[in-house]
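Below are two complexes that have subunit A in common, paired first with subunit B and then with subunit C.
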Partner chain A sequence: MKESYSLVFNIKRHDPEAHKSWMQTYRIEAGRILRFTDVLRKINKELDPTLAWNSSCEHAQCGSCSVVINGKPMLACELLVENAVVYFGTTTFTIEPISVAPVLRDLVVDLEKAYDRVHRIRPFIIQPSKNPNQGQEYRISPRRMEGYLDATRCINCFCCATACISSHKGFLGPNAVMASVVRIMDPREDATEDRLKQLYSEEGVYRCHTSKACSHVCPKHIDVAHFVGLAKERDFT
Partner chain B sequence: MIARTSGNGIDKGFFRLLDMIPPLARCTRNRGLPFIISWAHRLSGVLLVLFTWFHIYTLSFLVPAGAYADKMKLYELPVFAFIEWALALPVIFHALNGGRLTLYESFRFRGDEVLLKWVAGLSILYAGLLAVLMRMGNQNVSAGFFWLMAAAAALSAAYGLFARIWRTPHRLSWKLQRISGAFLLVMVPAHFLFMHLSPQVAKDAGQVALRMQNLWIKLVDMALLASALYHGSYGLISILKDYAASKELRMAGMAAVIAAMMVAAWAGLKLVIAI
Partner chain C sequence: MQKKFKLSSTIQCDVLIIGAGGAGLRCAAHILEKRPGTHIIAVTKVSHPQKSHTSTAQGGLAAVDPKDAVDRPIYHMFDTWKGSDCMADQDVVQKIVDAAWEEIVWLENRGMHFTRDEEGRLSKRTFGGHTVRFGEASAFRAVFEADRTGKGIMDNVWGEALKGGVAFLDQTLLTELLIRNDRCVGAVLFMEKTGEFVAVSAKATVLATGGCGQVFRVTTNCRQNTGDAHAVALQAGLPLIDMEAVQFHPTGIVGPGILASETLRSVGGILRNKELDPFMARYAPKMKELAPRDLVARAIETEIREGRGILNPDHNIEHIWIDLRHLSDYVHEVQIPEVSGFFKQFMNLDPRTQLCPVRPSNHYQMGGIPTNAFGEVQRSPDTVIFGLYAAGECGCSSFHGFNRLGTNSILELITMGRFVGERVVLSMDEAAEGLPADAGDKTFSRFAGYLENKKEENIDQIREDMRRMMTENVGVFRAEEGLNTAIHALTVSAERVRGAALRCRSLQMNQELVQRWEIDNLLSVSMVIAQGALRRRESRGGHARVDFPQRRDEFNAHTLACMTEFGKIQFASRPVDMSIFEAKGDNYEKFGLIERKY
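Moving on to the complex of A and B:
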């Protein structure tokens, strides 16, 4: 087992002022348990302070560090150098921004634009249903909750939307569709018909072709395709 | 190995095979096998739409019979016989994979890995059977009986799906695409099989014309024509909606697809009625 690796990072860069995009190569030595976010920080410190990338929690909870590594959308904060070398079978990595929103600079995309699709489905309770236990908290049976609990772990990293066979031109995206399905399955929500109307619109389930790339790349291991499938079946039990 | 690091038996052999084609292996690693299968489904669908147009054009030579007989001579050449057989591969793959998708989307069958093996296994079996029949070339079945059986199976499949999806809030065009798919799942592979179960009836212009004069066969042909053209055009339009960059491009593409399908439908209908 090697303690460190000589890595080659080919990073797609973008300068919005000059309207220019290019690939830049960085050669760097990195310890085996460094995460890709650590390596990007190392590049900033040792090689190029102008390289822009995004991260926040760096614990795979916020989804802001999503990038495309050797063709696969992933969270940079979750990928260890050694795991990457084993998984991809190489020490050379091409890193590009995710493709669901316009690039602001280098690896940073306009997440606000990406979130527009999620906001459109209103991932909150639109019309609260009547609480059967008036005056108390709304109780949901564990059995019922089991049906959609997995989907609530989505962090909106947009890896699924980046990997989807359908382009991003007219699709809400797997994460947004799933968020709507979660609310439909939630007994506290009464606006089912409203939500179904949106799911069965041109930008909804008709753009999904069950290629299941969403489930394959999900860093939280959610079977996203299953939840989109429930919407197609129109059976959320 | 880069496609997948685990697996045993057939899986292991398959992924080893995939590793021999690095772009496919990379794509499988990055997006998963069903993603590759989805692209294969799309590409085979486009190929089949193009072939359907070509097929209708070829059949339009049925009148006069002499021109059709000249065309059919082409199929006696080994290379054309091979192409004819090879075309059965996208047909059977597209049909069975469509069945897999229907089971996933409308019947909540999530055992996809098992179904993919069935798709592969049955495709190989069908292609093998077809090759044997083509090689023998001495079969003979009654057209009326064969199509009665095939239509009964196809209508059962279509009805099964109809009963399942008709009351869902999906739009009518989507429902019809799925139902026509279930019908074609049986009918198109049966159509290929029939050609080689009755080589003479299929290739002799006089015999073809005689068969097509039968009202039952006319109905079968019209149902095949209508569902294939509808299913194909819906598929093409769906691809356009996925990838066309602008609304104008999407509208122009849709208009072109609908126009092409109308022309093919008219040519096919004229042929079925005229004979």
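Moving on to the complex of A and C:
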């Protein structure tokens, strides 16, 4: 087991004021269990304080740090140097911003724009169904929840949308579709028809080619394509 | 002053919410339910409200279910009072505990995916310090959404705020509060994405910016928790309260600072030092690994200080081991899969065959911006700033006193968020006041300074040194000598960073600029913590003075600290509310100055 690695990071940079983009190479020594966010911080401290990148929780729980590493969208805060070297079989990494939103600077994108798609599906209960226990909680059996619970783990990191070939052409995208499917399956939501109308519209599920790239890249290991598939087949039981 | 520094616009709204986490958006949702159409602007420093730190809370949220046959609100109040080491305000404790279940129903009815039992009711679990019958037995009081309760809350309050029509400003920072004659009229914001400064005029301004854990080198808190609003409040001449009351979790995972929860110890995990000695037996012969959080944290810290820790070379952090190797496959797979998974995910370790590195980590700030039980920000114990409110971890009404119980924080966020909302709704018929003519000037001179400085300094190094120093001297253990060292070191750091030049001189999406500003905030907050800790010559809750190991009644009051000039603090105090005790109702004697013994 190696204690530390000599890494080459080729990072796609962008200067919004000069309207300039370029690739910049950083050579850096990093311990085996540092995460990519730690390495980016190390680059800031030792080589270049101007390099901009995004993160928040650094616990793989907020979905702020998604970047494209050697072609694969991933969370930088959970990728260990050692695992990256093994997974990609190299110590050279190309790091680019995710492609579903405009770049603000370097690796930082305007996530608000990416979220437009999620906002469009209305990520809340649009029309509450009648609650037989007024003033108390709804009763929902765990078995009923099982069908959609996995989808509620989504952190909107947009890795799936970045990988999805259909996402760039007016498709709501896998995570947004999945969020709507959750509410269709949730007995507390009555606005199912509204939701279906949107899912079968121009921006809806028919744009999906069932490539399953979304499920493949999801850092939360959610089978996103399965939920998109439920919508395609109109099977929400 | 450079020409580029000006307000690019002035925005009018009814309510300005600064911080779009659990507390801020619960408040927004309440206002919109009671007064639809209210024009609310919610500001967040992160790239989208859903990314706020509330999303990382794992364990659960305490609330007494009125349908529960054994549990009662008075028990929850007692546990909170006892846990606080007699420093929680009892009016606040009563108000929050009584409102708790309503909030659970609110969250559930609006779509939170709580974990349920076979009958479809909300499941409940136990948590350290939560008991029934005044300490007799563990209480099943925490409702939860698997291991992602905070995310459930965040998704839900964000959804409701969106539904109600809140306007969001993402990646935007509060840099200045506009207060005139004890009335807050709005704030100045810096929009990172475009590099613009804007002034917002509001009838009500709510601070809900969360914690300030980045003060310490090892913390569970997110990158943005740099105490910005705390520092901005100080600059506006407002006090902070009880900042020396900081909670350290005994077992954070080295590196990412993720919590290795109590569960690991309750299922039989053993703490070992460099020599693999199971040292807890020396500190707590009976309870061993199951002793309370602060005791375990101090034991681990002592081992490390006395040279029996291990240095992790990659993160350059000292730690001890938690040994889970002897536990059965069943325990690993069924009882601790998540936490056990963290070691794999973030350290590449297999807890079944390898020792896992943990150490005490900063976790929670009990103190903050002082408020009354309605969330109104106080200038002194008997004056409030009209139109200014605070809720969530950045505020302190004092629900937690000097030590917070697990699952009580997210309860506080949503209840205090709602209470603030109730007050704000009442104030909406008043006319808005104009903004002062000098709005923004303080911000401009600060930011112009950052961009014009010329001195070669490694700002990241200064920040790292400061955080390490705080962990060593103002962390789990405190003593007069170390605290004086810390205060001196902070003054030196402030001097070092003052003229430091930035490499990127743009205003637009300039991470270096924001981090430069954050250091000033961290330094201010650190100074208040260190001086408060020096002044409090006793040990209480999360504040442990080796030179004064006992709690002392003469310190039975909250610390108020004002600091308009760096390092020069004016202290005052606020009495602890003991209204439950004074009401002399049933069991009132449990709410006197009781011992915090478990």
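Please note the rule applied: the second predicted complex is superposed on the first by the 236 of 237 C-alpha atoms of A that agree within 3 Å, B and C clash if a C-alpha of one lies under 4 Å from a C-alpha of the other, contacts with A are read in each partner's own complex, and residues count from 1 in each chain.
The criterion applied here is as follows: contacts are C-beta pairs under 8 Å (C-beta built on N, C-alpha and C of every residue); 3 or more make two chains touch, one makes a residue touch a chain.
Just so we're clear, the structure is a prediction, and the values are computed from it rather than from any experiment.
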### Query
Clash or fit: what happens to subunit B and subunit C when subunit A is overlaid?
fit
## Note on the structure
Check: subunit B-subunit A-subunit C angle from CA centres, nearest 10 degrees, reads 170
#### Entry: Which of subunit B and subunit C A:Glu233 touches, first, second, both or neither
first
### Query
Of the partners subunit B and subunit C, which touch A:Ala52 in the superposed model: first, second, both, neither?
second
### Summary
The chain contacting more residues of subunit A, comparing subunit B with subunit C, is C
### Message
Touch test for A:Gly31: subunit B only (first), subunit C only (second), both, or neither?
### Response
second
### Task
Considering only touches as defined above, state whether A:Glu146 meets subunit B (first), subunit C (second), both or neither.
neither
## Note on the structure
Superposition result for subunit B with subunit C: lowest C-alpha separation, Å, rounded to 18
### Query
Residue overlap on subunit A between the subunit B contact set and the subunit C contact set?
none
### Task
Would you pull the subunit B residues touching subunit A in the complex into a rising list?
2, 26-27, 29-32, 34-35, 37-39, 41-42, 101, 104-108, 110, 112, 168-171, 174, 238, 241-245
### Query
In their shared complex, at which residues does subunit C touch subunit A?
46-48, 50-53, 55-56, 104-105, 108-111, 113-114, 116-122, 148, 151-152, 155-156, 158-160, 162-163, 168, 170, 193, 222-224, 255-258, 313-315, 345-348, 458-461, 464, 502-504, 506, 508-512
### In the complex, subunit A residues that touch subunit C
3-4, 15-17, 30-35, 38, 41, 44-45, 48-64, 77-78, 80, 82-83, 104-105, 108, 110-112, 115, 119, 122-126, 128, 131, 135-142, 144-145, 149, 152-153, 155-156, 183, 186, 188-189
### Message
Can you tell me which positions in subunit A touch subunit B when the two form their complex?
### Response
70-72, 88-89, 163, 165-167, 169-171, 196, 200, 202, 206-207, 209-213, 215-217, 226, 229-230, 232-235
